[in-house]
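Next come the structures, one after another.
What follows is a pair of complexes built around chain A, which joins chain B in one and chain C in the other.
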Partner chain A sequence: MLELRSITAGYTRNAPVVRDVSLTLAPGASVGLLGPSGCGKSTLARVAALLHRPEAGSVLLDGEPVRRWRHSAPRDQRTAFGVVFQQARLSADPRLPLTGLIAEPLRATGRAREIPGRIAELAPAVGLTPDLLTRRPHEVSDGQLQRACLARALVLRPRVLVCDEMTAMLDASTAAALVAAVEDYRAATGAALLAVGHDRTLLRRWCDRTVHWDELT
Partner chain B sequence: MTCDAPAPAASPAESAWRSHGPGRRSTRALRVRTSAVLVAATVLAVLLVPPLVQLDQQAVDLAAKLEPPSLRHPFGTDDVGRDLLLRCVYGLRVSLLVGVAAAVTATVVGTAVGAAAGALGGWVDRALMRVVDTFSSVPHLLLGIFVVAMFRPGVWPVVISVALTHWLSTARIVRAEVLSLRSRPYIDAAVSGGASRWRVAVRHLLPAVLPQAALAAVLMVPHAMWHESALSFLGLGLPTHTASLGTLIQTARGSLLAGQWWPTLFPGLFLIVPTLAIAGLAGAWRERLHPRHRSELML
Partner chain C sequence: MSTGIGPGPAGTATGPAPRPAPVLSVRDLSVRFLMPAGRRVAAVTGARFDVLPGECLALIGESGCGKSVLASALLGLLPGNAQTAGSAFLGGLDLLTAGERTLARTVRGRLIGLVPQSPAAHLTPVRTVRSQLEETVAALTATRGRAALRTAAEAAAERAAFPATHLDRYPHELSGGLAQRAATALALVGDAPLLLADEPTTGLDRDLVDRTVDELRRHVDDPGGTEGAGRALLMITHDLAAAERIADRVAVMYAGRIVELADATAFFGTPGPRHPYSRGLLEALPDRAFRPVPGMPPKLGDLPDGCAFAPRCARATDLCTGQAPPSGEVACHHPHVPEDVRA
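So, the complex of A and B:
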């Protein structure tokens, strides 16, 4: 259960991007957050994933108030979230091959022994062939890279998935494949989903509930 | 049938394009090749000549003092009859050692400070950058003189002096790079994936800034060599019996006034040519690393 209560957040003092926004995500639920560009959806998604400290308001994860953000947040709270960003190119370390990219959270949390097993499970689930896994980000397409980023988000088996315009820069077939991979994961684990975007049709078909930004403020 | 029509004159746009074209590229390639050959010759000379040539660079021969260049002494002799070619090679060895050691030390310190300031942010960033500003506000030769004055003359005080006054630019470059990288989504993904601050710095940030830091180090080598020579020329660097390019020029400046040009010319050339060659190679590397910078330079 993830609760965002009266969140106010931004990047400069006295000029918040998000003002007094509340949102609740029940276990296993999927919420689509619609809104125009620049309204603050991504900032709210970053607050929800504990990547951005809000100026006011509170975040509750399974009833426990979150007191610290980013590195300062306890590791089990941080890794409860799997985040997929809009621009795969910017969200992949350019030095790491796709295997390294997907395995990085396992290495960071001291679970390197699970790498071969998890890669073998996730690569076919997101549609990555073995020859792609050895390539570096500049050697694959945006769609292939976004598949690897989704696999990275799923590798620690998060309880909440935050997809920030995950399919915005992809063709329809890749978008459909990624959405299917997310739904397969949710069906298997019961994870909740916060999908941010401006494609009303996609979010309505994908999520149990869609909310427009204006309804939150 | 022949065509006698004159070739159309190149438009200003074409001329501008040609100045970036093959001629320009071949000049650059020649510069890089020449620099590479000179740097290789310098490194081979300082590494191989002292062990292979069993001659004493300190051997005094008062009967042959201030001899002009000849077959026996290609660079002539100094005011106590020592062979200047041998002294120049030994001097270059010391100057290059000081330059490389100071550049590496300055780069390590600058990278550590810049990475800590950029990665940690907040009060750590503000405090470290004020330290950088404080060091920058003092003329660095003056600060270098202050540092060497605290120690007995020797190689390592000069290395420390040059390093302590030259880490500031590297710290600023690395901090700026880390600040720009820190806001990238792949760092957010690493944080979300459970990476500690240390892991983010070592695994994601430092490898990304290393090419910049290495370039800064190479660009610093010639500068550090000149700094060592300046300190030694002022009598504050290496002791006069240790051959460095600075001490050679310093001890020879009296003979220059008496009309003997060789004791200052050859150490001067040994300082200028290798430092220009290193700077030429570093410049070519920078052009490869920052193509946009190259195009700005060509305008």
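So, the complex of A and C:
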């Protein structure tokens, strides 16, 4: 259960991007958040994933208030989230081969021993073939890189997935494949989903409930 | 140079009007990249298509299928390790054999206007839109003198519906849609007969996509260009909704080959696409089956002998893995046959 209560957030003082927004994500629920570019929906997604400290308001994860953000958030709260961003290129370390990219959260949490097993499970789930796993980001297409970024988001088995415009840069077939991979993971684990985007048709097809940004403010 | 490709039978007596000469005529265009250790990457293979004045051809396909390489080949912007074959005639000029001097002085901006993928990255960040427009007008037209340049730049902005009130702004002060219009205004300055739009809508929200492509369409229908017949637009995109909105014809590219060339109305409506890959792409849309094409596209450096789509295709037989698909409007051994044509 993730609750955002009266969140106000932004990047410069006295000019918040998000004003007094509340949103609740029940366990296992999927919510699609629709809004035009520049409305603040990505900022709200970052707050929800504990990646941006709001100026006011509170975030509750399973009833427990979040007090610390980003790197200083407690590990059990931080690893409850898996995040997929719009621009796979910008969110992938260009020096790491795709295996390294997917395994990074395991290394960071001292669980490197699980790497071979998790890679073997996740690569087919997101549609990555063995020859792709040894390549670096510049050797794969945007769609293939985004598949790896999704695998990275799933590697710690998060309870909440936040997908911020995950498919905006992708062709129809890759988009459908990634959404199917997310839904397979949710069906198996009961994870909740916050999908942020501007594509009405896509989010209505994908999520149990869609809310428009205007309804939240 | 009559081929089976085109909106109607060329040169038949029953045709309502003679087909206008194409603005761009691409024949058997191939691009190979020579890689270390003698590897060759077949980025584009045997592309054939025409773009007529007043027509929008949408080139669609997955990322990495060779669409942007094709665009770079037309503009002479391929890297040094690329080899091209075939021809791409724009008027009387073969773009593939033209020298850098010709390309720089007569082609880019003058014969081909490029609407870029990412307008924010295309504009110079440290100069205002007005200053960039004035520079472009001075470089591409005979306009001289400060006052004349200012007027011409304002007229150019107006043609792309860029508001005059925002001319003195810097690129970072513009929204995505306005930056797109600024880039389009720059592309229109040279009054080029061919507009080449490379993924013009990536990352824009749906309303902005609609506005952007509608504006591109308007420039196609606008009786500008050199002979008043309207411009031709080649739009490269993976956004099928954008293609459906404005295209007259659709070319589907897979693994470097154009596998289907079809009328847009038939392609998106009934009878629908004929190539199994094209059908798979449309079925992946969220307002259709939302079902991905199984598998992944092949590596362009290691293409199979037969049809490159065969490993992912439900209709594939031994014929497909052994023999290259036929060339023509549908590059497939087992295309879908429209119901009403089946005898």
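By our rule, the second predicted complex is superposed on the first by the 217 of 217 C-alpha atoms of A that agree within 3 Å, B and C clash if a C-alpha of one lies under 4 Å from a C-alpha of the other, contacts with A are read in each partner's own complex, and residues count from 1 in each chain.
The rule is short, and it goes like this: a residue touches a chain if its C-beta (ideal position, glycine included) is under 8 Å from a C-beta of that chain, and two chains touch if they have at least 3 such contacts.
All of these numbers come straight from a predicted model, not from anything done at the bench.
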Chain B versus chain C as contact partner of A:144, first or second or both or neither: second
Partner chain in contact with A:99 - chain B first, chain C second, else both or neither: neither
First (chain B), second (chain C), both or neither touched by A:175: second
Contacts of A:82 with chain B and chain C, given as first, second, both or neither: first
Touching partner for A:38 - first (chain B), second (chain C), both, neither: second
First, second, both or neither for A:71, with chain B first and chain C second: first
Chain B residues touching chain A - in the complex, by the definition given at the top: 184-186, 188-197, 199-200, 203-204, 207-208
Touching residues on chain A, where the partner in the complex is chain C: 36-38, 86, 127, 129, 131-132, 141-144, 168-177, 179-180, 198-202, 204-206
Of chain A, residues touching chain B in the complex: 46, 49-51, 70-71, 75, 78-79, 81-83, 85, 87, 90-93, 95, 104-105, 108-109, 149, 152-153, 155-156
In the complex, chain C residues that touch chain A: 61-64, 175-176, 202-208, 238, 240, 280-282, 284-287, 290-293, 295-297, 299
